[in-house]
Structures are given as structure tokens and as C-alpha cells.
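First chain A sits with chain B, and in the next complex the same chain sits with chain C.
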Partner chain A sequence: MFYREAGDFKTSYIADSQTFPIKFDRYRYYVVLAVAFGVIPFIINDYWANALLLPFLIYAIAAIGLNILVGYCGQVSLGTGGFMAVGAYACYKLMTAFPDVSMFIHVLLAGGITALVGVLFGLPSLRIKGFYLAVATLAAQFFLVWLFNRVPWFYNYSASGQINSPERDVFGIIITGPNAPAWATYLFCLIFLTFSAIIARNLTRGTTGRTWMAIRDMDIAAEIIGVNPLKAKLTAFAVSSFFVGIAGALFFAVYLGAVEVGEVFGIQKSFLVLFMVIIGGLGSIFGSFAGAAFLVLLPVVLKLLGVDLLGWPTDIVAHLNLVIVGALIIIFLVLEPHGLAQLWRVAKEKLRLWPFPH
Partner chain B sequence: MPEQLVFAMEVILNGLMAGVLYALVALGFVLIYKASGIFNYAQGVMALFAAMTLVGIMNGQVPFAHLINAIFGTHVHYFGWNVPALLAIILTMAVMVLLAWAVQRFVMRHLVGQEPIILFMATIGLAYFLEGVADLMWGSEIKTLDVGLPQGINLWIDETTFNIFDYGFFIDNLDIVATIIAALLVAALVAFSQYTKQGRAMRAVADDHQAALSVGISLNFIWVMVWSVAGFVALVAGIMWGTKSGVQFSLSLIALKALPVLMLGGFTSIPGAIVGGLIIGVGEKLFEFAIGPLVGGATENWFAYVLALIFLVFRPQGLFGEKIIERV
Partner chain C sequence: MKKKMATLALGALMAAGPALADLVIPSLSYRTGPYAAGGIPFADGYADYFTLLNERDGGIGGVPVNVIECETGYNTEKGVECYESTKGEGALIYQPLSTGITYQLIPKVTADDIPLHTMGYGRTSARNGKVFSHVFNYPANYWDGASGAINYLLDENGGDLNGKKIALVYHNSAYGKEPIRTLEELSKKHGFELSLLPVDHPGQEQKSQWLQIRREKPDFVLMWGWGVMNQVAIQEAANIRFPMENFIGVWWSGAQHDVLPAGDKANGYKAVTFHAVGDDFPVFDDIKTHVVDAGKAAGAGDQVGTVLYNRGLYSAMLAAEAIKDAQEANGTGDVTPGMVRDAMEQLNITEERMASLGMPNFGPTFQVSCDNHGGPGLIGVSQWDAGTQTWNLISDFKPTDGEVIGALVEEDSSAYAAENNVETRCN
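Moving on to the complex of A and B:
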């Protein structure tokens, strides 16, 4: 009834090519932004920030990054954990080397460094395809984690081999370290997520995104119509690694504060982000949000139900969590290979016809 | 003979033994890949599942004991009997066949004709599912597995080499047994796929699904059979690795060890899996021996992958893989 484009007249080209052409979508988008920036920071507390909101925001950035590579460009990567580690360690080195520089710049630079590393490990994708490539990206995963574990320069020769995020501020507000207020860390991550989503959305609508999709759909045909595969694949690796690096930097500096690389950025993390992308929907920015929200919420909800409500031991609930995640992935692949994003699209189609379906 | 060279020889021997074990896991991958085009990431977890089931049956554990206790408030843990190893292995094999049937019936049948990468991701989901089920069924604590395989240093080799080089090689009896069993298994699998009716049917399915269907080969049966054979290979690998280092979660990570072996040897080739396994086994042990101390050690985690990656850049289909032909 209210969800349709009829009567919503555009009078300029800019209005015609906007991100959300339907008025309802646009207002919903503004409302979400207003709530996220204007309401949640005032009611947030430490538990909500650490258990749900921060992991959701950070994983959403990582999922957007991986979705660009896997969903839009069709290059499957299992090295996300390794690239997140690059972001985290780059951020750590920058934070300790230049204590007076703003955290914004550190995180962006960490993303840039990760993009360079991503391009380096993306080079073999020009020769290797399909899951030979997926397995080849595991080389990045294992090598990077080993590197950060074994070369003392990366962790500043600390005795424990861990990296700890020192206290840093942005405009006088503490962002990292144990004394950072929940609302500040939340807003800091939210700003990065918002800009990542806007950049990703606009990249994927433009020339760059279309060359990625051409490569994904059939790389030889794309080459023949004049897409440069070198440029398309390497930009996809660069942009993807940039976001993943930002996510890694935030994950370490803002969310965890202390990181042991093998535990935090191991292969499990690569799979987790990949699952977010699959469950959310390959080739959809909204899907990255949905997938991240789903997989962050699931363990928390299961723990609430299992441990607190039914009183089961934690290890059983953790195992059940594995079973459910595994089963969900299979169910999604069988029933809805396009993920939560597709369900959302179907719902929107239904809504447009409602209440007169014929 | 210089000392370093003798050490290197011992390293190479141990590398060969490790390589055989990698090849054993890689074989399971190759079998499923050849017959159904599915890259089965869950192979490692299948080995873990098989080993845990074997231990559970041998010790007479009650399946899902923890879950039952949590729901009904009971305290059941053991049936109170011990099953002899051979019978337990047969029972475990039955469980693996059941698993193969379930995978085929509930997962793979619905995914026929999907892209390989979707199938690959489905098997990652399967790996998580199986790992969770295995932990729920038998508990996640580290278990010891003993089916009566010999263990410990082989004294004969130790003495012989001591007489020749003045330095006794340390070679585990278990590794020798594993090598022999792996060799027998490979020979049996090759014979099976070359000379039996079912083996021929399997190769026909691998060659062309539709043509195989049209001459009356049941795809469902072949796929259940292939997953069962892969389950059997997983069981053997699980017994070997489980005896060596205990039955625990890290057992499932041998899948990650087998991946570079496959890339090197080619996904479609049984000899490739063996040669690849040997190259990687020897390569990573030698690299760790020669270069490892200079760069901080533990290079085994990534060396195989980087080797395979560099190799693939020059030969994208692996050593023995079928040539990849692309058409628009």
C-alpha cells in the first residue's frame, strides 16, 4: 500500500540514480541511521556493546569486504582471518610508533596496508581458479598467522607474544584500552561501518562493480568483451582486503584490546566470515549485515536458552551451536542459495503487491 | 659420512612416513572428487568422527550421554562392557556407511547440478555439523585409542643404522605399520576401481553422469558407495593418527594438511595423491630441518601451502591432474 514507486516522481538524473529509489526504503534508511547514531549511544551499556553491538559492527565490515571478493568478483578466499591479522598488527605497529596521531588515520592506514598484502596474495588468482584458488588463499592464512607469531618485531618483542592495544583517543575521547566508554567505541565502529557500506554499495553499482560481476559470471567472456581481468581481480582483492583490514584493526584495537594471533585470527575466523557471507547472501551488501547479525546473535541466543534457561552445561551448548551452524549452512545452500538477502527481496516483492496481489 | 647428512637422511625417512599418512587422507578426497565432483572438506572431520566412534564403541560409552543426562537429569555414562577392537572397527564401519547414506540422502541429492564451490561450502557446513555431533555423542575430552598397533622406537632400525653410521635413526613402529597399511589400502583401492564391477561403475559415473545413468548405473548407489569408501579411508586415517596423537579435535585438522597434497598432485589422480603426499612430507620436514631454525621454527604450518601455491602458478592442474579446458 505504502511500499511502491508509483507517485514517486523523479525530476533529475541524480534523483533517478539514487541508492534507494523507493520512498519507503529511503525513509527506513534514514530512520535506521538516526536510531543507530542518535538513540543507541545514549542507552548503550558495556554488556550490550561487548556481547552484541561491537562484534556485529566489526563482523559486518569484514563480511562486506569478503562479499566484494566472493559475492561480487567470484574469487573464493579462505584467508580472511590472515588479512584481519594484517590489519590488527599494522594498526598495533602504527599505534605504538605514532602515539599522537588520530585513531581514524591509524585504522585507515591499517586498511591500506592490508590492501597491499591482499593484492600480493591476489596475484596467483590470475592463474589459479575455482577452489584451487580457495585452497591457495589458505597459504596466506597460515603464512601470515605464522609470521605474526614468530617474528618478534611485529609484537614489539613483548614477552607474552601478545599484542595489547594502548590507550588512544580521538578528539580527546578515549577509544581504545580498558577505560574506553561503551558509547565511544560503538560510535567509532559505527562510523567505519557506515562509510564502508556506502563505499561498497556505490562501488558495486558503478563500473568497477560491473567488471567484477562480469568476471564472476564468466571470466573468459568478460575478457572477450574488454574487461581487464588483471585490473578487475586485483581491485577486488585490494578493496576487499581494505575492508577486512579495517575490521581486523577494529577487532583488535577497539573490541578485544589484547590479541594472541593464532587463537583470534585462525582459520576458524576465515570460515566464520565466509559463513556470514553465505547465510547473508552472496553479492548483497544488506546480506553482509544480515549474515553478521545472525551469526553474532545465534551463540548469544543459544547460550541464553541453553545455559540460563534450561541449565545445560556450557560445553553441550557450544557443541549444539556447531551442529546448528553446520545444519543451517547446508539448509541455506539447499533451500535458498542466495541467503537471507533473497528472503528480504521476496518479502519486498510481496509487499509491493500487497494488499492487491493480482 | 658427515653428521649433517646422516641427520638429513633420518629427516627424509621420517618425512616419507609422514607423507604416506598425508597421502592416506588425501586419497579420501580424491575418491569422492573423482566420483562426484565434490571437494569434500569434511574428510578430516570424518576421520575424527570415525576415531571417536571407534573409541566410544570399544569403551562401551553411551552415545549422547551428556545430552541425555542434561535433559533428563540421569547419570548414565557407560554400558559397562568393552568391545574387542576388531568388532568395534566393523561396527564403526557400519556407522560410517549409515553416515554416507545420510549425507547422500539429505545433502548431496538436493545439491546435484550446483556449482562446485557451492558443494564445497556445503561440505564445510557438513564438517561443522559432524564435529558438533561427534562431540555431543562421545564428549570432547581427549581420548586414547589403542587397537593393538605396535608403538615406540623400532629397535632393529636403530641398531642397524647405529652399526653403519654410528648414529641410530629414530623411527616409530607405528609409522612403519601405517606405511604398510597405506600401501595395501592404495593397492586395494586401485584394484577395486580397475577390476570390479562397482569400481568400473564408479569410474563411469566420474567420467559422465548422464551417460552412466543411461546405461543403467544407479547414481544414488554409486554415491553412497563412494562416500562409504571415503568413510573407510577416514576410519583408517583416524585409527593411525588417533593412535599416534590421541583422539581430539586437532585430528580434524589433518584435512588441512591434505589440501596442499591434493593441489600438488592434482585433484583427480590417485597416484598424484601419493606422490604429492611424499613430496610434501619430505619437503616440509627438510625445510624445517634446514631453514626452520633460521626463521623461528614451526614452518610446517605453512610450507606445504606455499610450495603448492608456487607450484600451481606454473601448473594450475597439479602434477597428475587432468588438463583444465575452458570454453565460453
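Moving on to the complex of A and C:
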């Protein structure tokens, strides 16, 4: 009944090749956008923004970035935390050096700088593959964190080695710092997420994305049919790091406000984003959203249920969270390697025939 | 349009805040993760003191206290979530027991008008009340700790540390880096040689640091450690047979669980402290009667009287006294966070006051003022006796090098003020 293409006629190539070819899907997409931009900013408060929505939006950008590299191009990366740190520190240096420039430009530049660093660390991927590449990116993770801890220039020689985001604005509306209103920070991140998703979606279904997927599926065959592995792998690293860098910059400047590199951008962050991609679905933009939402919401929902509703001790609930996330990763890897995105696809297929399956 | 949005947001915020019935005190604790060993006794002591007040006195000034515990796991992201979720409940004061979370909260509490008390941790320069209006770190801070340790060594060495080698083993985080500035200044002043040995989170891997200590043979080792790092360091020191009496930890590296794993080899290990140790105080009798025996103790109830339990207790006592002052000053039981902040700024802890609370000589006497949020910074030294398994005070609470610390506080806080456009107060 839902998601049927019957009666949905396309009269041009553009209409035929749009992102959501089915009318129902397309309207659902418009409704989601309308709610996200038109309704939530009016009802949001500090708790919703800082505890749920900001982490979700920012992690979703990071997951999209990592998904391009791991899910679309097949290059395993454990350096996400380190690349997020590059974005954060680049943003910090830019914010403090050019206080009058709009935050939009700072965040985009931070993404650009991260893309350059990503390309640099992506160079070994031309020679090494699979587990060995994972280890090489792991080295990037540790090196970058060490670098930001070691060189005082990056944290402007502050006594504690922390970076703090000063108050900055966009068109006079405060975006960073404690006085930023919840709706402004939310909209700022939402704009970045929306554009990231649209760009990622269109890249992955165009020529660039197809070369990535060719490399992922079989790099030798791809090379034989004329895909340039150097270009394909390095563009994947660049685009991926760009998004991850944006996520890192937002994470520091808008969400946390003060960052200590070892703790916030450590190896755990790399794994967390990787788990988001795995649980959400490799090679799927929707999967990145689903995975980020799932792993951001799970601890909060568990806390609400366990501590606030049932009155359990806080440590039991925290341990339970670890158990559940661990179990879910195993379950997904065994039962549904394509993640939540695949469940969503199956659900759509079922809904298409409902209520009269053959 | 902008104004309309702001009004709506404000409306939503006000609708979310419930009616103030109890005195809400959030406890951002951590009972899980690599720092739980320190987090559990502190959280137990903190919760037990308020339970005692509720059971014995019916709360503070007749208004019951509601402690909302929120697990942070010593993680700043969870700390932010905890702050946002408890803020709406009408939280009166925050004591997060984490330097990382403190850095996070300093701008937020200032904007939300809620006091933040970081006793013996957090941002040291917050003692300058002219810049940090909502942050308090009385009665002592890290720089007092560093200076106190050096003063103690000066006393031990006849006032001369010239040419001595001192190594600092520290947690490679904002917390561990705090004392470096002070120690560098002091090394210039007293002529000792300082070497820095960072240990990365969580601190289980310290072989290379201790190998370096074995090679360089420093005369003294100072430690800024927390959680699992402390036990490992003391064990490693014992392994290389470093003389324990020359090994001094900060107050976060000087609890029972830090020294017990190394057994007899930890005998003689020292730690600086700013409050009394042991359970020889009348307040513990009340805790036993009203809390432990009544089955209302927090956690497993097995931490009573340990070093960090005492610190949790002390911290809760200072918060409760500030609330009491705020109630008296405003003539109302239902105080607001702003009133508590004002009361904290005038808090006067005297000997009589501590004695009346069943905690005579538990900590230093001090008077907070508008420009000094840091108290007197009196530092004592305690030593571990592995035979009787007790910590004993081996020196009086002595003043620290105010000249060096004052200059550093001024420098760091004015840098913060310039970076964040803070106008100085108390003029």
C-alpha cells in the first residue's frame, strides 16, 4: 500500500533519477525536513539540545564521513577520533586567530584542513589494504592525539592543555559559548548535517561514488576497467575526512565548548563512530543517521528507564548499557551485517505489499 | 522573529522546570570505569551526609534534601548530559569531582547562575573571584598542593633543595597538567631540577615512566594521579625499590585503595591533604546510627571513614553550610542557586562551627570573600602505615607559597577574562 511506484509517472530524466523516486518516500522526506527546520527550533530547550539533538546531529555527520570511507570505498579506518581532533583544533585556532569571521567559514575551513590531513594519512592505502590499513589509520589516531597534547601552539599555550571555545556568532546570533540559545546551536548543526547528507548522497550515486564502490568490491577489477585507484582512494579519504573534520569542529565548538584531546578524541571515539556505521549499515546514508541516533539515544533512554523510572542504582544502568551495546554489535554482525538500514529496506518492501502479500 | 524565537525558547524552558519542593543537589558521580575506585567512596560520603541531615534534622533548615545521582563515568560528554538533565530540576550547587567536567561547566554555570564548587580540583585560577563569579575552589587547590609538597620537602631538607632532582608523574590531562606551571616557577625559585613524566589515560601502562625514574634516579617523585593510575604507580615504584618516603602524591593519589594493592611495600608512601583523615569524629557516630545501621547508606556502605569518603563528607558539609547560610540570609527555606552562590561568597567556617557539626578540626578554618574564592590553601602531609593500614597526618596544615601562586592565578585568570570578555567584579 505504501511505497508503491504505481501511478507515479516520471516524464523527464531528472525526475526519474531523483534521490527519492517514490512519491510517498519523497513526501516523508519533505515532512521530516519541515519538522526539523520549522517545528523543533521552536520547542527545543537546553536539555533536548545538549543531551540528545546536538550529539545526534554531529555524530551523524561523522558517521556519514566514515561511511563514505568504510562503507562505500571499503577502506577500514580507525582514525576517526584523530581526524575529529584535527577539525576541532583547526576550528579553535581559526576562531581565536580570526574572531570576526563567521562560524560557518571557520567550520568549513576546519573541514578543509582535515581533508588535507586525511589525504596525507590516506596515502598508505595505495599500498596496504584491509587489516594493515586499519593499523596504519590507528597510527594516525595515536599520532594526532599525541601531537595535540605535545605541541602547546595548538592549544594556545594554556596551562591545562585544554581548548575552550570562545563566544562567536553567525550574523549576530551567538552560536558558541554558554550564552548560545539552544535553537541556534541546533539549527547551525542541522544545516551542516543537511548539506553533508545531500552532498554525500549525490556523490555516492554519481561517478565518484561508483568508482569508490568499484574499488570496494574488487580493486584489481576496478583498475582493469579504468578506475584510477589513486584518485578514487584519495578522494574517498578527502571527502570522508572533510565531513569528519566538520563533525569534530562542531563537536568542540558548539556541543562541548571545552575539549581535552586525549579524553574526547581518543580511540574510543573512533570505535564509537565505527559502531554507528556498523549498526546503522555500511554503505548507506540513512544507516549513518540510524546508527548515530541509536547509539546516542540508547544510553539516555536506558538512564531514563532504569534510573528515573525504576530507581535502579546508576552504576548498574551504566554497566547494562555496555552489555547491551556489546551484545547488539555481535547480534548485528551475525544476523544483519547490513545494519538498521537493511531492516528499514526490508520493512519498506513489506509495506509495499501490505496488506495483501502474495 | 529572533525575539519571538527567544521568547518561545524561554517559555519552553520555564515550562520544563518543575515546582521547587526539595533542595535539589545533583551528585555527578562515577561508579563505573577506570576512575570508579575514587568515585565510589566520594559519592558514598557525599550522599551519606545528606541522608544524615534528612534523617537526623529533617533536611537543611527543615527542608528535605533530594540528592539526584547521575553517572558520568568521568566522561565529559556524559557530564554535560548530567548537567543539562539535573539543571532543570532546580539544582542548587554542582560538585562534579572531575577537572575535565569542571572546565566544561565553568562557562555554563556562570550563564545559568548556579554555583560550582570544585574542592581541591578544577581550574586553579578560579580562586580569583573577580573573574570567576560562580566558581569556588576553597579550601585548597592544585597549586597549593604543589607548593605544599615542595614546602614539605624544603622542611625535610633543611630549607634547601638546590641541585635536587624532582620528577612529576602526572595524568596526561587537564588535571595532571595543572601543577606544572607552579612547579616550574618553584624550581626556578628553589633551584631544583624538574622532570615531567606524563601517563596517558587510563594509566595502567607506566613501565617506561618508571624505567626512566630508575635511570635518572630523582631524589623525590611527586604524583598527580587518579583512579587506576595510582595503584599502578605505587606498585611500579615498589618494583624498582624507589624509597616510598620520597614519593609524595597529591590528595587524589592518597587513599586506601591506592596503597593496599602494593601491600607492605607501600609502607611510608606520602600524600598531601587539606582535611583530616580517619573516622575519629563525632559525626561518624551519627552516621552509624542514622545512616548505616538504618540501612540507608549509599553504595555498599563499606567505605565509611576512608580518605575519599571523608572528602565527600567534607564537600557535602560545605555545601550544606552554604545552603544553611543562604536560608538564614534570605529568611526562606526554598533557596535559589543564586542565593546559595551569594552565601558561598561569604561563607565563614570557624572552629566552633565545625565542632557543632561533629567535625572538630576536620579541615582548616577559612573565610571566603568576593575576590578570594580559594580559601587559605593550608596543606598537610599524611603518610601510609602499612602495618596498621591507616593514613596518619605527619605535619601540621601549613600555608603555601602565596607569592608564586598569587602571581600565577592573576596571570591565568586574566588570560581567561581576556579570552572570554569577562568583566572583573568586586571593585
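Here is the rule we use: the second predicted complex is superposed on the first by the 357 of 358 C-alpha atoms of A that agree within 3 Å, B and C clash if a C-alpha of one lies under 4 Å from a C-alpha of the other, contacts with A are read in each partner's own complex, and residues count from 1 in each chain.
One rule holds for everything that comes next: contacts are C-beta pairs under 8 Å (C-beta built on N, C-alpha and C of every residue); 3 or more make two chains touch, one makes a residue touch a chain.
Please read all numbers here as calculations on a predicted model, not as lab measurements.
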Touching partner for A:266 - first (chain B), second (chain C), both, neither: second
Partner chain in contact with A:319 - chain B first, chain C second, else both or neither: both
First, second, both or neither for A:12, with chain B first and chain C second: neither
First, second, both or neither for A:182, with chain B first and chain C second: second
Which of chain B and chain C A:129 touches, first, second, both or neither: first
First, second, both or neither for A:333, with chain B first and chain C second: first
Touching partner for A:278 - first (chain B), second (chain C), both, neither: first
First, second, both or neither for A:139, with chain B first and chain C second: first
First, second, both or neither for A:45, with chain B first and chain C second: second
Shared contact residues on chain A - chain B and chain C: 149, 313, 315, 319
In the complex with chain A, residue positions of chain C that touch it: 2, 5-6, 8-9, 12-13, 16, 29, 31-32, 36, 69-71, 73, 75-78, 80-81, 84-85, 87-88, 99-100, 103-104, 106-108, 110-112, 123-125, 172-174, 177-178, 180-181, 198, 200-201, 412, 415, 419-421
Chain A residues within the chain C interface of the complex: 41-47, 50-51, 55, 96, 149, 158-162, 164, 166-167, 173, 177-179, 181-183, 255-260, 262-264, 266, 299-300, 303, 307, 313-315, 317-319
Chain B contact footprint on chain A (complex, rising order): 76, 124, 127-132, 134-136, 138-139, 142-143, 145-146, 149-151, 218, 220-221, 224, 267, 271, 274-275, 278, 310-313, 315-316, 319-330, 333-334, 337
Residues of chain B that touch chain A when the two form their complex: 39, 66-67, 70-71, 107, 110-111, 114, 116-118, 120-122, 124-133, 135-136, 140, 256, 259-260, 262-263, 267, 295-299, 301-302, 305-306, 308-309, 312-313, 316, 324, 326-328
